[in-house]
Every structure is written in structure tokens, then in C-alpha cells.
Amino acid sequence: MPTAKLSRAMLFGAFLSLLFISAALLSFVWTPYSVETLDIANKLQKPSAAHWFGTDHFGRDIFSMIMVGARTSIAVALVAVGIGMLLGVPLGLAAAAKRGGLLDEMIMRGNDLVFAFPPLVIAIMITATFGPSATNAIIAIGVFNIPVFARMTRGAAISLWTRDYVLSARVSGKGAARISLEHILPNVANLLIVQGSIQFSVGIIAEAALSYVGLGAQPPIPSWGRMLAESQTMISFAPHLTVFPGMAILLTVLGLNLVGDGLRDYLDPKLRRSKT
Amino acid sequence: MTTLRTAAALTSALALCASLGTAHAAGGDVTVGLQLEPPHLDPTSAAAGAIDQVLYSNVFEGLTRFGPDGSINPGLAKDWDVSEDGLTYTFHLQEGVTFHDGTTMDAEDVKFSLDRARAEDSANAQKALFADIASVDVVDPATVKVTLSKPNGNFLFNMAWGDAVIVAPESIENIKTNPVGTGAFTFSNWVQGDQITLTKNADYWGEPAKLDSATFKFISDPTAAFAAVMAEDVDAFGGYPAPENLPQFEADPRFNVLIGSTEGETILSTNNAQPPFDNPKVREALAHAIDRQAIIDGAMFGYGTPIGTHFAPHHPDYVDLTGNSAYDPEKAKALLAEAGFADGFTTTLKLPPPSYARRGGEIIAAQLRDVGIETEISNLEWAQWLEQVFRGKDFGLTIISHTEPLDIGIYANPDYYFQYDSAEFQGVMAELNEATDPAKRSELLQKAQTIISDDYVNGYLFQLAQLSVVKANLVGIWENSPTQATDLTAVYWEE
Amino acid sequence: MLRYTLKRLLSLILSLLVASLVIFAAIEVVPGDPAQYMLGINAQEDTLNALREQLGLNQSVVSRYFSWVAGMVQGDFGVSYTYRTPVRDMVAERLWISLPLALYALALAILVAFPAGILAARKRGSFLDSTVMGVTQLGVAIPNFWFAMLMVLLFAVSLRWFSAGGFPGWDNGFWLAMKALTLPAIALSLQQASILTRVMRSSLLDTLSEDFVRTARAKGLSTGQALWRHALRNAMIPVLTIIGMQFSFLIAGGIVIENVFFLPGLGRLIFQSISQRDLIVVESVVMILVFAVIMVNFAVDLAYAFVDPRLRRRT
């Protein structure tokens, strides 16, 4: 019974995720209206057949902006996850290989240190120094993904180091680096996929929050968080400006979370029992 | 560095008091919302207009003071004599004035305040206001003689600024947290990050305040400002930050919306020393590429007066030069082609935080794109803007409202951030500083406006409107903003 | 144990040193002159210099770093450039809003999550369970600032049950202050409550399937009794760990929510100070936050090591 429900939830999640990913891809070749052309005479129109989600305070088509905004969100979150994996996983593998040693201690304390900084404060500081841009949002989010992946990789890898096949590889004279690559990494790959999907959805929310406070992608590139920020004063007489971008964030994150949960249960049957 | 309306203005002294007379309830409290919180409470050592917004005229007073219409009225000086050569001002002070800590305000305090402002180590943000003072002498406790090094037609105007208020040596040390002035309200409490409370000064030397107390609540977020007014958390909001909400307040019988003027010329500031903007043809093209009305409608929801030069439209010497830079994208393209930029070019557009700049910037970017100019927008904080644009002059275009009154003189300084260098303009300004004849001054001011308009120094957009929302039965809040102030001394609740 | 403690203490001090260096260096490279910000565009060069001298900005970088660190060791966090009041007092004042807000939000999260998680675990697979799980999925996915905006629209602007934001101060009565913190606390707790509910549920299900609970049930206890008597207590360990992690998040994570409700808390202080280039305040507040988290980690590590001696060897 739970399994059936589970896959239904995952299918729904996959549907939502694909919907937004395809909207983002489609926006490269087609949007109903240009998001760069302003039409101030037609500002703040309610949703209609011509403008499905209405128009914003500059007369831009909100549906088109959400399509292009999906691109910004997904790109930022994806690259941030990539940064986290590329730097975090090797650190985690190295720490596990030298577990208990000085390197391990240094990596773990470094992790704690990064975790100790409030993420938004780091973003504010990066922005104050280099100015706001999508790139700086990626860096700010990516920095926090590094310890997440490092910690997770280390935890999983340490238990793998005691397995028989690793021991026999050591006996046959393989070095720690080679063992990490050949035997440990493939076995933590599943976990990485699951964690990656979680961090991806965390990244979408983080990007929205950063651009909401003005630290993300700059105009005229649309971003969901900035759409929310700009429409905030108009919420009382033009709620559609706020509702649609908010729903876009909500549904994308929901979809990704459902997919992530489903993946975890699929890849790690042990957990299927309890975690929905 | 220019005219003054002194002649007319001084005679209309205290015109604001004439509006009284209807039945009104004495007493009561008022809560006024403001967008910006003062960093500290010393108006004489910071540029922050937020300090004057709370304290000017309410707590601190100068020798002269601004009236609601921008006129210069007597303040702590009840009257004054000016010598024939315009070099000596003898101020006769109001008598029986005490500071809020009980000490007497006399000529010594005036000398102390002016000398402190112009001292070597002074931290006064408008030190230039005092630059022409050669000496300040105490004649007797009620008389001060100020000697200038050269005639300055603006001197009485300068003395009305918040940066020139009279402070006391006894209380100067803690002025930043405990301001002690002579005004109709005394400072009572400051919850940092939230509000400042003033209470009525029972021993005020002049017409006492009608309110018992006034609270200033600082709400930087426009949405929060809307909600606070709607929820009646504040009785008035001065300088309301979101013009898009005004129709809702206008439709609501609980509120009055005041739309007045400010001294803020909002301009598309252009780096005249940076190619391609060093080419007048390119600047002219820029001027014709911009649709002012679309910017006023899109960024300010219709509030604002189009300007064609750097001068306030409500000023008697204003010349309407908007026709000089009428919206004509075809002409703009032709001019660009003539200047050798038929395919356009790319430049930077650096925007400070206010919404007129952020929204206006997006609209201007779209308008410029239509004629082939691509802009890279970067939204900056004030500190970044000051560093990069104002000091570093590292920008192509920026949008900014110049809020100082009568500041066309900035165009005479070739080192000013937009780097306009015109011998003709500088000549006119030099002549103006010497001129005393009102007709001559008028003529020179108009000439100055025309020169910068013809040179297309900057893109002239609109005069910023002063937008306030006030409870329907609250009377006396200033409609216009001749200086940054929330003068509550004549405000009262109508029954 | 002593050796382990000493070793951890050493790495703690090193961490703090590194943190102070990183913070100072990061803020040192932030462009923007505090004096220019305060004096504005008409300021003259000599005035700017006089102010920089007053603020101690003309001293060398090294001497400023050392006087900052030396001051902190003695509990002196310097004096704000803009407000000219001691940073310590400012932080204390702001903490009286951020800390209660975080506690309030945490309390709300626990109040919702415990019953919801327990119910869902007990009625596992039921309609109720799916509803709880569905709602928590939504709760995790909703951006909290958006949720906050919608609440302001409904409760402050339309219904006028709450004021839209601001903080009256604790002096004006406890309940008034709590009322002002209610909407922000709800907005802040939504996501935490959802996470906590899920952790509670899965942790309970895990323990319910463990041997000692099975034994208890074999002895004739009903599911409900087994849950109350045995499973709940054992399920608390992961739950408490999450609560601990959430608390530090709530203290610093309220920045955006504090902005939506214009609460004068720590988060807004950071925002404001960095835009005013009140660098000493930014440095000190960030250092205090980092210090708090590092200390909590240290305490947690020691506690674990005390309980489980095997950990001592693994660091």
C-alpha cells in the first residue's frame, strides 16, 4: 500500500519538476511575449486570455516572466549543487581516507566553521564586496553545499572503509586515493543523487530568498524572488503579481522534494519502511 | 549658489500661522511614519536627511527657519540688520529662550554653534554653508555679529538649514544620543530600530506646540508602510515610498493624500568625461531616446512633474525646456548614426536603492534598447553608489534625485561626478555669485538652465513629488518639502 | 576524557581565531567608506578626514584587528560608527527581540509537530497520515517570506487583527510584545514545524519496529501504550538533535522575516549596518553568531563523547 502511494507522489513530483524544467527550456526559444519589452499602457492587467497570468507594473507578461524566471532559478540551484559536489565530495573522501588524522580534523573543523556562518550573512557580505549578481548568488549558495556534501560523503565512506572488499583492496596494495575512487565513490553515488536532489530544491528556495532581498540576478533578467519583492507593495490591489511567482516557487520545490523522497526510497530500500 | 526669495519671503514671515482659526482640539498624540531612521541625533554632523526629518524645527532651531512654502522666516533671530556692503549680518536674538536642559540660549551659543560648524576638525556635512563666514562676534547676550569674507546672497537661506541649528556647549557631548535644543518639542526616547518619541516643551519661548507628544516610527519597507497606514498604526506617513498605493488611500475616507513638491530633480546622470558620452551628439540622442511620461507613469505611477533642465518647476525662475529633449526615438537613432554609433553601444547603468531609480532604470534600459543602446544594470546600495559612482566616477549612466535646494551650481564644478566642464556655464555662475540685482540674477539663472539643457549634460526626467498620507482629521502636516523636515509645531487634531 | 577535552578545546580556540580572521578580512575588503556614507555627497575632504580620525579608521589594518580582538576578549565589542553607542548594548537590545522570537517560533513548531507527528505515526497509512504528510510537504516548500506577506495581507490589512509589524517593546506589556511577535513567529515556524513533524513521525516508526518495542507489544501492550511507554522516549534523540540545529538557524534565519515585519532584531541590525558600512557592528555581530554556533557544537561534541566513549578516539 505505502509503495503505491509513494510512487504516485513521486510521479506527481516528477510531473511538476518536468513542467518547470521544460518551461525553462522552452523559454530559450519561445515565450508568449518578450520579457524585455515594456508596455506601460497595459500595466497591471488581470489574468485574461491574452495574458494568462496578467501583466506586471511595467506591462510585462507574467506568464512569460515565470518561464524565464524558471531558467534563472534552475540554473543557479544546479550550478550551486555542482559546486558543492565537486568540492565537497573529494573533501569528504579525503577525510574518510585519513579518518582520525590531522587532515580529517582540519576538514571537519573547516566544515563546522562554514556551517557556523549564517548563510544569508555570507550572501550579504559577498554582495557588498562584489555587487549583486546571479553569479554571486551561486557562490553564496554553493559555499554552503560544500560542507553538506563533505559531511555526508565522509560519514558514508567511513563505514565503507571497514567492508571486506575495501580491506582486500588494501591488502592488494592499492593506495587510499585509488580505493576512494574505485570502491568508495561508486558506493556513495546513490546517496549523492538523493542529497543532490534535496540540495537542488534547497537551492531554489535560497535563490528566491536572495533575489527577494535584492542579492540575486539583476534586471532585466526576471527572477521569481525579485518578482515577489517588486510586487509586494501591490499585493493589496493586484494580488496576481504576488500569487503566481509564489506558486511557481512552491510547486517547483514541492515537485523536487517529492522526487527526492521517491528517489531515496527507491535507491535505499532500507528507508522505505518509515520515511515517506 | 544662487538666488534667494528673501525679499518676498521675509515679509511673509510666519504665514503658516495664519491658517489657524478653525475649531481644534488641543493636545493629543500623533504617530508619524518615516522611511528612514536617523543614524544618530546630531543634525550638525551628518548628511542623513532622516535626522532633520525628526528634529528640524521640532527640537532644534536655527537663526532662520524654512516655512512650509520654502520661504525663509525668522527663527531664534527675531530680526537682523545687513550692512550696506552685504558683509556684516547683525542678528537680534529672541529673548528668554532656554535649551531643554534649562540653560539659557544666548549669543555665546550662537557663536559656539557657528564656530563649531566651520572649525578645522568640524564633521559638518554641509561645511560649505559656512565657508564665507570670516568671524562671529558676540555683541551682547542678545546680539550676534557675523562678518562674511565676501557678500553671499544666500546667507540667510544657508542659516535655515538643519546643519546650521543652534546647539549648546553644555550638552554637545551627548548630542548624538540625547539632543538638547530650543524647539517646541523635547526629545524623550529612542527605541533604536523602531521609534523616537518627542514630548511637548511646556516652556517653549514661542507659540507652543498643540500636540502633547509625537512619535516617529521608522518603517523602511514600503509594504510594511502600506500596512501600517491601513492598520492605523501611524497617523501620518511623510514621504510615502510607494506611489502605487496612493489611489487606495485616496479612495478611503479615513485618509487624506497630500501631493506636494520637493527640491529633488531626478536625472539620468551621465558621465560626460567617459566615451561615448563625451560626444554631445550621443548625449542628445540619449535625451531624445527617453520617454519622460512613460517613466513618470511606470516608476512613479503618474506622480512627478517633467523637467527639461536642472531646476525646480515651482521656482519663479524656472524655464520649461522639456521641448528641447522631446521623445523621438527616430531622431535619437539618426543622431547615434551621425556620431558613429549606428549599431549602438553598451554602457553601465548603476542604480541606487530608491524605487524611482530602480524602476526608472528598468524603463530607461528598455527605452535605450529600442534605439540600440544596451545597458548593464547593477543595483547598488548607497555606500557602493557613493564609492563607485560619486567618488570613483566609474559609471556610464546612473539615476539620482538631487534633493538640495537650488543646486544648479554643481554644474560649475568640473570635478563633480558627472564631470561637465563648460567655461561658458562656469562664467555664468561666477557672474551670478557677484550679482545682487534680482532681475539680473533671474536672467543669469535662466541662462544657466538653458546652457545645460542645450548641452544635454544629463537626461532630465522629473521633479520628485512629495507624497504624504495623513489621517483625515489631522491638520497642519506640510504638503511640500522645501527642506527635509516634518515640522509638527503647528499640527493639531480637528474635532 | 581530559585529553580529548583539551584537544577539542585547542581546536575550538583555533576555529575561533580563524573565524575572527576570516570575518575581519572579509569585511575589510568590502568597498565603501563609512565616513562618506555618513556625511553624504556634499561633504568636504577635510570633514571626511576629521570623521575618519574620530572613528579610528586612519589606523593600520593590523592594529585595528588586534584592538578588535583584544576588546572582544574583554567583552568589549567596540562602538558603532553610526549610532555611537557600544555594540554590546545594541546587540543585547536586539537579542531581546531575536531570542524571544526564535523561542516563540520553536515553541510553536514543537506544539504543532509533536501531536501531528505522533498521530501520523500511530495512524500510519491512514488518511490522516497522508494529510499530515501532504501538509508538511507544502510547509517545507513554501518560501517563508511569501507566506509572511500573505499573512500580513490577511491578518493585518484585511482583518486588522494584528498590526502589520514593528515592535512596541517589552516595557509596554508582555502580551502586547508577544502579539507583535506572533505573525513573525508563525511565519518562521512553518518550515521548522513541517520538518520536525516528519522527523518525529519517522523516528517513532523506526523505534516502533525495534526489538524492545516489539517485545513490549508481545507482552500485550497496545500500539498506543507501546508508543507512549517506550518508543516516544527513544525517538526523542534525533528529534532533540534537530531541535538543537533549528534553534541556531532560527536566531540567524529570521533576517528576512524581521525585514518583512520590520522587527528591530539582530538580523535587521546586520542588514542595516552593512548598508551603512557600520563595519564594526557587522564584524562583532557576525562574530557573536559564529561564536554561539561553535560553542554549541563544542558542547554537543563533549556531551556525546561523555555518553559514548568510543567517539573520543574518533575525534
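A, B and C are the chain letters, set down in written order, and residue numbers restart from 1 in every chain.
Basically, a residue touches a chain if its C-beta (ideal position, glycine included) is under 8 Å from a C-beta of that chain, and two chains touch if they have at least 3 such contacts.
From a predicted model like this one, the values you see are computed outputs, not experimental measurements.
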item	value
Chain pair with more C-beta contacts, A-C versus A-B	A-C
Chain whose mean Cα position lies farthest from subunit A	B
Central chain (distance from its CA mean to the mean of all protein CA atoms)	C
Centroid spacing, where centroids are CA-atom means, of subunit B and subunit C in whole angstrom	40
Whole-Å separation of chain centres (CA-atom averages), subunit A against subunit B	46
Distance from the mean Cα position of subunit C to that of subunit A, given in whole angstrom	22
In subunit A, residues with contacts to at least two other chains	128, 232, 235-236
Sites on subunit B at which at least two other chains make contact	221, 223, 226, 230, 381, 383-384
Subunit C residues counted as touching two or more neighbouring chains	31-32, 149, 157, 259, 274
Residue ranges of subunit A in contact with subunit C within the complex	1-2, 5, 99-100, 104-105, 108-109, 112-113, 115-118, 120-121, 124-125, 128-129, 201, 205, 208-209, 212-213, 225, 228, 232, 235-236, 239, 242, 246, 249-251, 253-254, 257-258, 273-276
Interfacial residue positions of subunit B with respect to subunit A in the complex	221-223, 226, 230, 242, 244-245, 247-248, 294, 297-298, 358-359, 361-363, 365-366, 369, 377-381, 383-384
Residues of subunit C that touch subunit B when the two form their complex	31-34, 36-44, 46-47, 50-51, 53-54, 82-85, 90, 93-94, 149, 152, 156-157, 160, 163-167, 169, 259-262, 264-265, 268-269, 272, 274-277
Subunit B residues touching subunit C - in the complex, by the definition given at the top	39-40, 45-48, 120-128, 176-177, 191-195, 217-221, 223-224, 226-228, 230-231, 233, 381-384, 386-388, 390-391, 404
Of subunit C, residues touching subunit A in the complex	11, 14-15, 18-19, 22, 26-27, 29-32, 125, 130, 133, 137-138, 140-143, 145-146, 149-150, 153, 157, 198, 201-202, 205-206, 209, 252-253, 255-256, 259, 267, 270-271, 274, 282, 286, 289-290, 293-294, 297, 313-315
